[in-house]
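The letters A, B and C name the chains in turn, as written, and every chain counts its residues from 1.
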Amino acid sequence: MTVTRSASDLGADPVTRAGAPARARRRREHPFLARIAVFAAVLVVWELVRLTGIVPAGLVPSPLDVLGALPGVLGGAALWQELGATLSGALEGFAASLVVGVPLGLLIGRSKLAERSTRLVFDFVRSFPTIALLPVLLLLFGATTLMKSIVVFLACVWPVLLQTMYGCMRLDPAVEDTVRAYLIPRRLVYWRVILPNAVPFIATGVRLAATTSVLVAIAVEVLASVDGLGRAITDAQTGDATPTAYVYIFLGGVLGYLINKGAHAAERRLLRWRPPASGE
Amino acid sequence: MTMRQRFLTFARAALVQLWLPVVLIAAWWIASSSSTSFYFPPLSAILADLWQGLTGGDLLSATGYSLRNLLLGLLVALVAGVAVGVLLGLNKAVEAATRPMLDYARAVPHVAFVPVIIVALGLGWLPKVLLIALGCVWPILLNTVDGVRGISPQVLECTRAYRIPLRLVVRRVVLPACAPQAFAGLRVALQVGMVMLIVSEMYGSTTGIGFFVLQSGENYAVTDTWAGTVLIGGLGYLLSLVLLAAEQLSLGWYFQRQPARRRGAVRVPSTERAVAS
Amino acid sequence: MFSISRTVRARGARVVGSAALAAISMAALAACGSGGAADSSGNGTLVIQRSANSGFEPVLLAQEKGYFKAQGLNVEIKVASNDISKNIPLVVSGQVQLTEAGMSSLIAAKSQGLPLQAVLGVQNAGKGSKQDDGCLAPPGSSVTSLAGLEGRTVGVPTLGNPVQIINNIAMRNAGDDPAKVHYVALSTDALNAAATSGKVDAVCTFGLFYDEAVAAGFTPLQGGTVGTLPGAPQVIWIASNTFASKNSAELTKFTAAMNQAYGYLNSHDAEYRAITAANTTLPKQYIETRPLPVMTAAISRSATEAIATEMQKDGFTKSTPSANDLVAQTIPDV
């Protein structure tokens, strides 16, 4: 539940365009060695913190132990099963959020009355922490994959719905005046003006939902021990295999990172056609 | 406009915005009124339970405890996020070097660290505040970086040309410039914070609204669970309103501008990753 | 805040929008209202849910050796959540017909009025077998007896966990007041570390973590479940009252197959350990050496009532269901 609304940040360009000169600049801005150094520094600090004993012994493994547990996890069949469970739960919730969010957003976004009527309700549910529903959903559906998909859906549907709504509502005044002046038919306006105008916003909503979906899926798995990467973490913890637990934690991070980057890249590619937004 | 007209306009606006919430609550009330389902106690029973918990029980003090943790956590995240964000925003090389690490760090499921942090820092409020800050710092930090990077290079060159001291530049140019972005990050952080608040009370707690909801679920006290959930929802909404008001108050100058001229703050990367964990 | 041209705005869309919204809200409400009361039985398959970490060996053996098939039962086994207290909702909603759970979860659910009952025992705390749970003080602690816990902070895996209830019974037996103990829930794997680092004064734990605590020099403060409430049911099978009354034939067959599995495993330790090893991440060394439980269909009424009584005294429940309500008539007493 992520989309912030008050005027400030919805104004425009959800996309950053990368052209050829940008690519050259990017190379300069990617100091490979420095990044490796930062990564190494974090590992060293981790090990130092562990050695000082601030964290009780046995709770946090050394980076080397985690590295040692890595082949066992990567080589095992369980990892792919857990990964599949996490992704399928995330995907189900995500897909449901698109199926519900986009059409509903298009409908509400085109009607001032509907937008105003739903404003308070949406503001309320948007600021509602989905995880707080977990105890109720657990009682209702148990710790099942269905429950996981429902939580993911509830977390993902708002960014999609709200972004779609805003996309429909935000029309450049100049375009609006043109459309009105030339008496262009409503249907044509909808397909040729409003929808294309909304697409970048929808894309942003979809990207937000995609990144959210995996994070929420893993969180639910950790908190309710539903099958997936998150449960693999708690299973390893209760089985007293701390290094393995950390391997799963970090793999969960890799998954989230990749999906975030992938969603960004997909959005950028999808919206290449888009003309530069006004005011830039 | 006469008083009467103004009142009518207001009344119409209120009616348009309020009918749906009223209808939904009424529908819930009526649909559940004769409910014998274990999982769906009547709304009247939930609200009565909530009222009793707040006036007679210890729900009020529990909520106060959680609220204090949340605000402290947000404060820590705000200070740390803006400080580091300004630092990284002004220093391109450092930002480029640390960016992948930062992106990765916030992608790691924070929920998995709850037991470790609680045991490392003891059973008091400190680990809870830290956990909330840990979840909240990312949107603020990354938004601040974006805000600082959005400052026109000419402005910064100008400050350099006039040899304005860095401290003054930060206070008078950089901070105001990135404030709208930081605020947008803070709004996302509030949502993350609500989630972390509940998660942080899973372990090592004997009070708190998150503890109340989790524990009542554990004991199958469904009406309590619903009451706590309703309370959390109300609290989250109230806090988001307060934040919005604070934003309008402190950034009035910014909102008076034409939307198209509002630099920087329009990019949405800010809002990512709202759901913690 | 949002300006939309009047001409552009489709009046039709407005109406459709409001109508759709109303429809969706109604649908959502209806969905909530009817949520999870389905009964998935009827196609001749018994969908059951085994525990993730204790007492699941017999049911897996019965499936593998075809004991269910021999009874004419088609059984589908799902794995329950790690947290045994989260298993019960699925039985209530009918998504599974039987689940393994702990007696204290059943009592908590029952006291809130959920129509459930124990239909089969799995394992009880055996008389004279080795202690594998209990409350311990870390090395060097000033706490040396149960009385010393009064006024102290004690870590438990979850509030209301069986190890906590047993500790409270032990304290009452010794004439101490468990109400003066500050219990706090910590993640099970962090309990021992929390005690050694002084974050809590003692811990109540079980299984592998109990053994590790003893090996690390912790002092046991009581005799565990085996010493405090021998015969206490540790893992049981639960069904809804409706299912149990309508499907007594299936339950009889299920019980017969499970009894066969209990009989086999009680005399084949190595196979028990092999099933544990294949289905958990527990260390090999621990699996090979830990004391094995005695598996039996019987459930002790007196121990069940002792647990229920203690749970109400501790404030976890508001009423004390009787043993006859909790345990099906067909189950033998210990």
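By definition in this document, contacts are C-beta pairs under 8 Å (C-beta built on N, C-alpha and C of every residue); 3 or more make two chains touch, one makes a residue touch a chain.
Bear in mind that the values here come from a model prediction, so they are computed numbers and not experimental data.
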| item | value |
| --- | --- |
| Chains most often in contact, by C-beta pairs | A-B |
| Farthest chain (mean CA position) relative to subunit A | C |
| Centre-of-Cα separation between subunit C and subunit B, whole angstrom | 36 |
| Distance from the mean Cα position of subunit B to that of subunit A, given in whole angstrom | 17 |
| Contacts with 2+ other chains: residues of subunit C | 21, 35-36, 187, 189-190, 193-194, 197, 199 |
| Multi-partner residues of subunit A (at least 2 other chains) | 7, 56, 59, 113, 117-118, 138-140, 234, 237 |
| For subunit B, residues that touch 2 or more chains besides their own | 20, 24, 39, 115-116, 119, 202, 218, 220, 222 |
| Subunit A-touching residues of subunit C, taken from the complex the two chains share | 1-5, 7-10, 13-14, 16-18, 20-21, 24, 35-36, 52-53, 79-83, 86-87, 89-90, 93, 95, 187-190, 192-194, 196-197, 199, 208-209, 212, 280-283 |
| Residues of subunit C defined as touching subunit B within the complex | 21, 25-26, 29, 32-33, 35-37, 85, 88, 92, 108-109, 111-114, 153, 158-160, 182, 184-187, 189-190, 193-194, 197, 199-200, 316-317 |
| Subunit A - residues contacting subunit B, complex | 1-4, 6-14, 16, 29-31, 34-35, 37-39, 42, 54-56, 59-60, 113, 116-121, 123-124, 126-136, 138-140, 155, 159, 204, 208, 211-212, 215-216, 218-219, 222-223, 230, 233-234, 237, 245, 249-250, 252-257, 260-261, 278-279 |
| In the complex with subunit C, residue positions of subunit A that touch it | 7, 56-59, 100, 104, 107-108, 110-115, 117-118, 138-144, 169-171, 173, 176-177, 179-180, 186, 189-190, 193-194, 224-227, 231, 234-242, 244 |
| Subunit A partner contacts - residues on subunit B that touch it in the complex | 13, 16-21, 24, 39, 92-93, 96-101, 103-105, 107-109, 111-113, 115-116, 119-120, 180-181, 183-184, 187-188, 190-191, 194-195, 197-199, 202, 210, 213-214, 216-218, 220, 222, 225-226, 228-229, 232-233, 236-237, 239-240, 244, 247-248, 251, 254-255, 259-262, 265-268, 270-277 |
